[in-house]
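As written, the chain order gives the labels A, B and C, with residue 1 at the start of each chain.
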Amino acid sequence: MSVLALESVSAGYGETEILHNVSLTVDAGEIVVIIGPNGAGKSTAMKSVFGLLNMHAGRVLLDDEDITGTPPEDVVRKGVCYVPQTENIFPNLTVHENLEMGAYIRNDDISGRLQEMYDLFPPLVEKRKLPAGTLSGGQRQMVAMAKALMLEPKILMLDEPSAGLSPLFQREVFKTVRGINEAGTPILMVEQNAKQALTIASRGYILVDGQNRLDDTGDALLANDEVAEMFLGGGTAATP
Amino acid sequence: MDQFYGYFLYGLSLLSFGGIFAILTLGLNIQWGFSGLFNIGVAGFFAIGAYTSAILTTGPSERHLGGFGLPIPVGLAAAMVLAAIFAWIVARICIRLRSDYLAISTLGIAEIFRLTFKNETWATNGARGVSFVPKPFETLLEPWNQIGMALLILAIVAVLYVFLERARTSPWGRVMSAIRENEDATRASGKDVDRLRIQAFVIGSSIMGLGGAMMAHYLKFIDPQAAEPLQATFLVWVMLIVGGSGNNKGAILGAMLMWAVWSATEIVTSRLPDELAVRSAYVRIFLIGLVLQFVLQKYATGILPERRVKSIAQD
Amino acid sequence: MMEFLNFHLIPGLVLGSIYALGAIGITLTFAILRFANFAHGEMMTLGAYFTFSLIAITGWHPIAVLPAAMVLVGIVSLGVDRVFYKPLRASPVVIIVIASFGMMLMVRSATQFFWGVQLKSLVVGIQRPLVYFDALRISPKHMVIFASALILMLAIHLLLTKTKIGKAMRAMSDSPELARLTGINTENVIKATWMVGAATAAAAGVFLAYDSHVDTMMGFNILLPVFASALLGGIGRPYGAMAGGLVIGVVEELSTYAWIGTEPLLPPGYKAGVSFAIMVAILIWRPSGMLRGRVF
C-alpha cells in the first residue's frame, strides 16, 4: 500500500486540462522526485493532491483512502503537508510564529516538536524572533519546511525547494531533505535541478506535456543516457 | 379627465427624470461597462455640470456668480467641457489605480467638489444653492412646456445612444473590450491602455456633466446636496447594475425602470402620516439597496447581459 | 505656542486616535478580505447610536457602555458578512466593493430610520478644561478619549501577538492562500476580523460622538481620513494604521493653524481635503505606505 497514489489523474484549471492520465506512487520511506521540462505539469500534479484543481478523471489516494477533490484545509488534516514554491512563509510573522502557525490545527503541546525542528534546522535558532521575511533565501526555505513538518505529516510535498538558491544553498537543501526523509517522513518533490534531486531520490517520474513519460529508480534515471541528454545537461551523473 | 391629465403629467415627469438618469447611466457605462473604471464620484461631475450651466445661464444675482444670461445650449456645452476638464485632471492622476483605490479616490473627489460648492459662497450661494435657473420651453403653456422638456431629454438620450453604440462597435470600442478582457496582452500589443482609459473616463464624465446640467434646468435649482453620494451616485450605479453593465440598452432600461420604482415608492410613502413619511425615505433607500445586493448575488450581469462585440483580442 | 498646543496639537492627537481606531478595521478587512469596506464608516456611526440608546436606558457613562456597543456592532457586522458578503467571496473584488457601497447606504438608512436625523449628544453639560502649568488646557473628555484609545490599541496589539487567532489573522493578512494550505480555518479568521473591526469602529464612533455629537453622517464624514490613515500606514499593518491615523489627525488640525500671519493656512471648510490630498500622494508615490504593506 502506498502512502500516496495518483491513479490516472486528468486535471486542470477550469476547462483546460493540464494533466492527462497521470499516475504515480510514493511508498513509505521513499523520496520520490518529479522532473520534466517547464510546463510539463509537475507542480500541477502536486496541486491535484490538494484539491486546488478541477479533477476531470482519476483518483488521489492517501493510505488507500480516496481524498480526490478534498479541500486544502482538510487534506492538511489528513496528514499531507505542502510547501509551495513561492509565498511559502508568512514574512511578517517571526520564525517562531511561522512554526506555531504550522501547528495551527494541533491542540496538544507542541514544544517538543518545536525543539525537534530547531534541532533539525540549527540556523533558525538564533533567528527565531526575527520576521521570517528578513531571512536569506535558504533560511526561508528552512522555515517553510519546518513549518510544514510541525504537523508530523504522513507525507511532505515540496515544490522546487532549491529554486532561486545559490549552488551552495542548493546542496544544503537537498541534504536537509534527505535528513527529513531519514527521520521518517516520505517525500514527494518537484524539482528543476534534476541531477541533484535524482541523486537523493529513491525513485523518479519524468513528466512531459502533462503525461507520464518514464519512471524508474533514482540511480537508473541518472544512468539513463536519454534522460541525461534531456535533463542533466549531457553526460551521466558520474561526470561532475 | 382631470385624473388622466394628472397621470399624463406624472408620466412626463417620469420620462424626464428617467431620461436624465439615463444620460448619467450611459455616462457611467462608458467608464464601468466599457472600460472597467470604478467611479463612485458620479455625483461630483454631475454637480460640476449642473453648477456650470446654472451659473452661465442665470441672470445677475448678489448671492452668486451670475449675470451671464447665456443661452441654454451654451450652458450645456460648457457643462460638458468643464466636466471633461476636471475629469481629465483626475484621470491623469488616478487612472492606474486598482478598482478599490480608484473608488476611494473618486469618492474623495466628489467630496472635495461638494465642499467647494458649499464653501465658495461668493460663486455658488453655498448651501442655499442657485435658483431661477432658466428652463427650456418654460414660456410655453402647460402641458406643452413639460412635453417639450421631456421630448428634449429623450432626444438627447437617443442621440447619446446612437453615438455610444457606434463607439462600442468601432475600433476604439473593440480595443476597450480587449483591455477589459486581457489588459496585459493588449498593452503588450502596443496599445496605450492608460490613454484609452483616460479617454473613456473623460467622455463618461462629460456626459455626466450634461446630465447634471439638464437636471439643474429641469428643477430650475441646484445646491451642494447634488454631490451627496446618495441620489446621484448610488441610484445611477444601481440602475447600471440592474439594467446590465456594458450594455447601452441596459443602461437606459435600468435607469427608466429604477426611476419608476423609486418614484412609485415615493407615492406610496407620501400617503403616510407626516411622522412616518419623513422616515419612509430611508426605507426606500434601504429597499433599493436590497435590490442591488440581490442583483449582485444572482445576476451580476444585469437584466440585459452584454452583447459581446468581437474584440481585437480575438482577431 | 499655547494656542498651538491647546487648539491644534492636542485636538489633533485626539482626532488622530479616533482615525487610528477606525483605520485598524479598514486595514485588516482590506488585507484579509481583500476589499475596501465602504460600510465601515456606518459601523462607527452605529456604535455611537447604540451607545446613545444604552445610555438612555442605563444612565451610565459612554465608556462604561462601550463594551456592550462593541458587541452589538459586532453582531451587525457578522450578520452583514453572512448575508451580503459571504456569497460574493468568489466573485471579482469589484463586485464586493459595490456591495459594500450599497451596504453603506443601507446601514445608514436603517440608522436614520430607527433614530432619526436630529443631532444628539452622548453627555449633557459643558465640562471645564483642566488647566496645567497655568496655560495648558486639556479637557477631561480628551484625556478620556486618548487614554481609552491607547488602551484599546494595546489590547489589539496583545490580541495580534499573543493569541492564536491573532497570529492567524496576521498570517492570513500576509497570505490567505498559504493560510489555507497551512490548515488555518479561514472562515474563523474572517469572523474574528469582523469582530475586531466592529469593536474598533464602535469605539471610534463613540469617541467621536463623545467629543462632538451624534449624527447619522458622522461615520461617512471620517471615512476618507480613515482610509487615508490605513493607506498611509500600509495595508495589512495594524500598527501602521494606528500611526497613520495619528499623523493624519495631527496634520489635519495643524492645517488650520496660522502658520503664516494670522489667517489659517487652510480654510477650515476644506479640512476634509487634507487627508484626501495625503491619500492621493501616497497612492501615487508610495502605495505600500509607511510600513510597506500590501500593494494590490
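The rule we apply is simple: contacts are C-beta pairs under 8 Å (C-beta built on N, C-alpha and C of every residue); 3 or more make two chains touch, one makes a residue touch a chain.
Not measured: the values here are computed from a predicted model.
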| item | value |
| --- | --- |
| Top chain pair, ranked by how many C-beta pairs fall in contact | B-C |
| Chain whose average C-alpha position is farthest from chain B's own | A |
| Chain nearest the overall C-alpha centroid of the shown protein atoms | C |
| Approximate Å spacing (C-alpha centroids) for the pair chain A, chain C | 43 |
| Length of the line joining the C-alpha centres of chain B and chain C, rounded to whole Å | 31 |
| Distance between chain centroids, defined by C-alpha means - chain A, chain B (Å) | 55 |
| Complex interface listing, chain B residues touching chain C | 36, 38, 40, 93-94, 97-101, 103-105, 107-109, 111-112, 115-116, 118-119, 229-230, 234, 237-238, 241, 279, 281-283, 285-286, 289-290, 292-293, 296-297, 300 |
| Parts of chain C lying in touch with chain B, wherever the complex brings them together | 30, 35-36, 38, 84, 87-88, 91, 93-95, 97-99, 101-103, 105-106, 109-110, 112-113, 116, 224, 227, 231, 267, 269-270, 272-273, 276, 279-280, 283-284, 287, 296 |
| Of all residues in chain C, those that touch chain A in their complex | 164, 167-168, 170-171, 173-175, 177-186, 236 |
| Residues of chain A that touch chain C when the two form their complex | 50, 72-73, 76-77, 82, 84, 87-93, 97, 100-102, 104-105, 147, 151 |
